[in-house]
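Take a look at the structure below.
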Amino acid sequence: MNTQRLLSYPEAIREALNQEMERDPSVIVFGLGVDDPKAILGTTKGLVERFGPHRVFDTPLSEDSMTGVAIGAALAGLRPVHVHIRMDFMLLAMNQIINMAAKMRYMFGGGDIYVPLVIRTLIGKSWGQGPQHSQSLYPLLMNIPGLKIVAPSTPYDAKGCMIQSIRDDNPVVFIEHRLLYYQKGHVPEETYTRAFGKARLLAEGSDITLVGISQMAVECLRAKRYLEEAGISAEVIDPVSLSPLDIDTIASSVSKTGRLIVVDNAWMVCGAGAEIITQLIERNINMQVHRMGFAFVTCPTTPTLEEHFYPNAKKIASRAYEMLYPDRKPWTPKTELQLEEIEFKGPF
Amino acid sequence: MKTFDTAFIERLYRSMYLIRRVEEEIARIYPTDKIKSPVHLSIGQEAVSVGICEALRDGDVVFGTYRGHAMYLAKGGDLKKMIAELYGKITGCARGKGGSMHLIDTEKGVMGTSAIVGTTIPISVGYAYGLKYNGSDSVVVSFFGDGAIDEGAFHESLNFAALKKLPVLFVCENNFYAIHSHHLSRHHSDNICERAASYGMPAEKIEDGDIFRIYESAGKHIEAIRQGKGPVFLECITCRWKEHVGPNDDFHLGYRSEKEVACWKEKDQLTRLRNLLSSNNVSVIENEVEQEIKDAFEFAEKSPFPEGVVLYEDVFKES
Amino acid sequence: MNTQRLLSYPEAIREALNQEMERDPSVIVFGLGVDDPKAILGTTKGLVERFGPHRVFDTPLSEDSMTGVAIGAALAGLRPVHVHIRMDFMLLAMNQIINMAAKMRYMFGGGDIYVPLVIRTLIGKSWGQGPQHSQSLYPLLMNIPGLKIVAPSTPYDAKGCMIQSIRDDNPVVFIEHRLLYYQKGHVPEETYTRAFGKARLLAEGSDITLVGISQMAVECLRAKRYLEEAGISAEVIDPVSLSPLDIDTIASSVSKTGRLIVVDNAWMVCGAGAEIITQLIERNINMQVHRMGFAFVTCPTTPTLEEHFYPNAKKIASRAYEMLYPDRKPWTPKTELQLEEIEFKGPF
Amino acid sequence: MKTFDTAFIERLYRSMYLIRRVEEEIARIYPTDKIKSPVHLSIGQEAVSVGICEALRDGDVVFGTYRGHAMYLAKGGDLKKMIAELYGKITGCARGKGGSMHLIDTEKGVMGTSAIVGTTIPISVGYAYGLKYNGSDSVVVSFFGDGAIDEGAFHESLNFAALKKLPVLFVCENNFYAIHSHHLSRHHSDNICERAASYGMPAEKIEDGDIFRIYESAGKHIEAIRQGKGPVFLECITCRWKEHVGPNDDFHLGYRSEKEVACWKEKDQLTRLRNLLSSNNVSVIENEVEQEIKDAFEFAEKSPFPEGVVLYEDVFKES
C-alpha cells in the first residue's frame, strides 16, 4: 500500500466516489449541481461523463422530496449519494431524514427494510457566507437515533469514510467542511473502509486533550503547535464519527491529561461538546473541561464580527494556557505559523 | 363497460369483503383495548384499493398512508401479521413496533405506510426511479389522501416523476376531508386533476366510486406506465364512513352531514358486487373469509408481546 | 388575586388565548384543526365563535409555508400563534423556523425587524402513537440562537408563559405535553406573565436534585413521593424555560444536594440533560450526576416496548436510590401512589 | 401601447441606470476584496424590478432573493446603506450582518431578501394576510427566480394566497437558470403560468422583457389586487448577463451559449430608454446618478466596521 501518495480532501472524496461507482453499479450520485461545471467544488468532476446521466444527475430545487426520492431508490436496491452543497438547505429535508430515513427500518420491524443512503453535506465558514450559508447542524442530527454521522478531517479518513458510508446499509450523513478542501494528506490508491465509531488520535501529548470536530481538528493541530511555544504538550483527537461516538478514545486521553477542551464546529447549546463532556462525567473521569464553538448568535457576514464568531487555533491555545496556568496572566501565541507545516498528513 | 367474468367478480368481492369485515372486527374489538394503536378505518373507501390493486401484478409495489388497512389487504398483505401488528405482538408485520399506521409486507409489494401526510409520495417516486434504473417493467402505485395535495412534497414529487418519466401511478383517494377540514376550506377550488396535469402527466378523475371503472382505468394507465410512458395521476372520489380516527361514526361533530355519507352508502360497491354473484358463491366466499379473520385474530391473541430487549433491535442493519 | 381557583392545563391555555385575543386585536391563532370540533384538545374551543374566522382559522396541510405565513403576518404587525398538534410535523417547518424566524432580526441588523411569533406544539407519549407521533424535538431547537423555548408543566406556568409568549417580540416555541392536560392547578383569573429564563422550584428537598423537563417534572414529583418511602428527600425543579435556561436555580440546588438527575422528555444525545450537566461542570460544581430520557431508539408502538422506552417516576426513584446508596441492593418503590395526591397545585 | 410622458421615462431611465451602474461598480471593485460577501448581480434583469416597482406606491412592500440589488434600488432602498452593507460596515442597512444577500429598507417597503431559495414566498403571503387583516389596501410583491418554482413552498404559498384572496403579486423572474441548471432540466415543460393558474389566480407571462409592458401589466394587476380581487401571478422572462455569483461572465463554463445572452443584450431596456430621451436629459440624469454612486461608495469606504460587541446585539428584541 503506497501511503505516500498525497491527495487533497476533495480529491480523496472524488476517488472514493469513482471507485465505489465502478465497483457497484447500484451506486448513484445526485443533488443540485453534481453534474454542472463546478461539480460540487470538484468532488463530482467527471462522474457524469464516466457513469452516465442515469447515475449522476442534477435535480430540481426540492430538498424535501429529493430526500424522499433517495430513500425510495435505496429501498429499491440502489445506493444513492444525495449531495447538499450547504447544510443549511438540509433544513428543508428534516422531515424525510428524521421521520422517514432514520425510522423506517425500526418502524417496520427490521427484516428486509433498510435504507442504504448517504447524504453528503458541506458546512463551514467561508468568506462572507453569513446567516444562512454557514450553519453546521450536526447536533440536531446527533439527537436522532437511526442515523450515522461522520465528519472526517483528513483526506485519508474522508476517502475511507466515504467508502464505508456507501457500503453501510443505513442512512449516513457525511459532513465536509469547505476549509478542509485545502488539506492534503496521504491517501492510498486502493479502496479501503474506515470503520465508524472510531476516533482518530491526530497527535499525542500529555498536558491537555484537544478534541476538534471537523475543521476544528485542524485548528486544534495548529493550536498544539502554538502551545509548544509555551511548553505545553497537547493531545489532539478528531472524533471523525459523531454518531456513534467513540468516547473510549477520548476518555483514555482525558484520563491521562486530566484536561479537555472540546472545540465544536457548531453552536454549543445541546451540542457535541456537551455530549462528550457529559459522557465523560458519566464515567466519573476527573478533569478540568472547557468547550468552545460558535458564539450563540446568528452568523454575521462582516469579517470583523465573523472573527469573533468562530473559534480558531489561537483562541484554543490561549484557552488551553489559561486552563494550565489559571493564575498567570493571559497568553496568546506570538508566532504566525505557516499553515502548510501544521496539517497532519498521516500515514495512518 | 365490458362484462367481467364471474371468477373476477368473485375475486373483487372476496377482497372487498375481507377488508370490510376485518375493519368491522377491528371496530368491534377496539373498545376492549386489545388493539394497541389508533386505527384509521377505510370502511367505505375499499373500492379504490381493491380496484387498483387488482390491476397490478407480482413485482409491482404500493406505498400508502396511516389509513392503510385496505391497501395492505388488497395488495395481498398477510392478514395474520396485520392483526398481530395492531395487537402490538412480536408476530406483527412490524414486530409490534409500527402499529396500525405502519404496515408492511415486502413479499407482497406492500412497501409501507406512514403517519406523516405526504411522506410516502416522494419515496414512491424514488422507488420508481430504482425500478426504471434496473430496467424492470414493474410499476409503483402511490396512494395518498386529498390532504397530501396541500403539502409541498406533492408538488415536488409530481414534478420530478414527470421530469424523469418514472413508472408511478399516483392515486389520490379524495374523500374531501383532512380530519375535519373540507377540501374547499383548504383550496381555492376543487381541481386536483388540473394541477396534476400541469406537471406534465395524464390526469383522470373518477367521480362515482365504481369499482369496475377504477379497475379498468387503473389497468389502462398501468399498462401505459409499464410501457415507459411516464407517470399518471388518478383521482378517485370516495367517502370515509367512519370518524377520522377510531371505530365510531362522527355525525354528531357537525362538520359533515349524514346525507353526504348516505348517498355513498347507497352505492356501496360491496353490496353491488354481492348482487352480481349467486348467493351460493357469496356464502362460500364469506365463510372462507370469516374463517380467515377468525384465525387471524386468534393468531394475534395468542402471540406474545415482544420482550424488552426487542426495544434495542432494528435500529440499524448490520452489514 | 384568587389563587385558589383550580384550572386544568388546557383550560389555562385556553384562558390565556382568550384573554390575550381580547386585549390585543393583533393576536391571531391558526393551524390545522384550531377551529374544528376537537379544537386542539379543547384549548381553542370557542375562539372562532368569539373572535371570528379572520382571527382563528384552520389551514391547509402546509407546515413549511404556514410557518412562513406566520412570520410574514408577524412582520406586518400581527401576533400569530401557530399551532402544531404534534411536534413531529414541525420537522416540515424547520427551514422557516431556523433559517428565517430565528435569524431575521439578526440578519437584518435589528431595527424595526422583529418576529413576534408563537409556535404552540404538542408533544408526548400517549397511547400507541409510535414512531412518528411521539417525538419531542426541543433539543434541536435549543441549539439554535434566536428562538425562545418554553415547556411549562403546571397550569399556572402554562397560562403565564402563554401570555408572555404572545407579548414577547420574538419567536417563542411553546411546548405542551399531552399528559399534562390531565393536570389541575391554581390559576389566577387575572392575566399575568411568567418571565422566561426562570426555573420553577416545584418542591424542596436536601438529598438529591431532580430536574424534570415538561411532563417529566410531574414524574419527578411522583418520584419524590416514592423516595420518601426510602427516607430520601428530593428537590424537584422544572426548568420551564429551556432557552434561555436558568442554570442558576439548578446550580444552587445541586450545590446544596450534591446530586442531580436530569430527566429529559426526549432523546438524550446532545439533549437538554447534557447541556444542563455541562453548564454545571463549567461552574465547577461538585456533584454526582445522572441523566435519564428516551431510549436511543425510535419510539415503538406496542406498550410492552414503550414501557422500556420512557422514563417514569419509579425508574427515577430507583435511580436516585442507587445514587445515594450505590452499595445497597437495587430498590424500586413498592407502593402505588394515587396520581391525584401527587400533582403539585401551587399557589405560586 | 399607450405613450408615456417624458417625466415618466426619465424616472424609469434613472432607476435603470442607477441599478446598472451600481452593479457595474460593484463588479469593478469586487476583486479588491472591499466587498465582504458574494454578490449575485441583476445586470440584464433590471427591467423587471424597475417596471414593477414603478407601478407601486408608498405603503406597498416587496420581498425578494439574494439577487436583490435591483429590487432594493427600484423600490427606493437607500443606496448608501446598501453599499455600506456590501462593505460589511456598521452603517449598512443590516449593520454589516447581512451582506449583499440580506438587504432591507423597511422605510421604503423593502422587507428583506433571503439566501434560501423560496423562503420569502410564504412570508410575502403572510405579510399580505396582515395587510388584509388590517384593512389596508397596500399590496405585497413577492419576487423570486424560476428556481423557486421547484420548491414545495411555491405550491403551498400560492395555494394559501388564492384560498384567502390575499393582496399579493407573485413575480417570477424567469432567467431560465438556477445556477447552471436550465428550467427544462428541472421540469417536464416550460409552463409555469399554467401551474400558477391552477391554484386559482390569473397568470400572465411577459416574454420580451419590455419594460413598458411589464409596467403596464403590473399596474393593471396591482390595481385589481388593491381592489381585493386576490393574488395574481406574473412571469417575466429575462436574462442574467453575468455569472450566477460573482462579477464575471461565465460563457467559458459552457452551460449556456453567448448567443442566448446576446439577443437579450440587443434589446437592452436601458439603451432603449436612453434612446427615447434627449441627450441633454440623459446627461443630467447620468451625472446625478454617478454622483450619488460616488457618494455611496465613499460613504461605505469611510464608515467603520462594527465593533466586536455588536456580535451579540440584535438576537432578540427587548420588549
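Observations on the model:
The letters A, B, C and D name the chains in turn, as written, and every chain counts its residues from 1.
Heads up, the rule we're going with is that a contact is a pair of C-beta atoms (placed from the backbone, for glycine too) under 8 Å apart; a residue touches a chain by one contact, two chains touch by 3 or more.
All values reported here derive from a predicted model rather than from experimental measurement.
Common neighbours of subunit A and subunit B (chains touching each): C, D.
With centres defined by CA atoms alone, the chain at the far end from subunit A is B.
Here the CA centre of subunit B is 46 Å from the CA centre of subunit D. Centre-to-centre separation of subunit C and subunit D, using mean CA positions: 42 Å.
Chain centres here are Cα averages; for subunit B and subunit C they lie 37 Å apart. The centroid of the Cα atoms in subunit A and the matching centroid in subunit C are 32 Å apart.
Counting only residues that touch two or more partner chains, subunit C has 59-60, 62, 64-65, 88, 92, 95, 99, 106-107, 130-132, 145-146, 297-298, 300. Listed for subunit D are residues 92, 94, 96-98, 102, 114, 116, 150-153, 156, 159, 163, 186-187, 315, each touching two or more other chains. Viewed as a contact network, the protein chains are fully connected, with every chain touching every other. Subunit D makes touch with subunit C in their complex at residues 92-98, 102, 104, 106, 111-112, 114, 116, 119-131, 133-134, 152-153, 156-157, 159-160, 163, 313-319.
Those residues of subunit A lying in contact with subunit C across their complex are 64, 88, 91-92, 94-95, 98-99, 102-103, 106-107, 130-132, 135, 137, 139-140, 142-146, 243, 266-267, 269-275, 277-278, 281-282, 289-291, 296-298, 300. Against subunit A, the residues of subunit D that register as touching in their complex are 36-38, 88-89, 92, 94, 96-99, 101-102, 114-118, 147-148, 150-152, 178-181, 185-187, 253-255, 305-308, 310-312, 315. Residue ranges of subunit B in contact with subunit D, taken from their complex: 150-156, 159, 162-163, 186-189, 191, 194-195, 198-201. The touching residues of subunit A, when paired with subunit D in their complex, are 32-33, 36-38, 58-65, 88-89, 92, 127-133, 295, 297-298, 300-305, 307-309.
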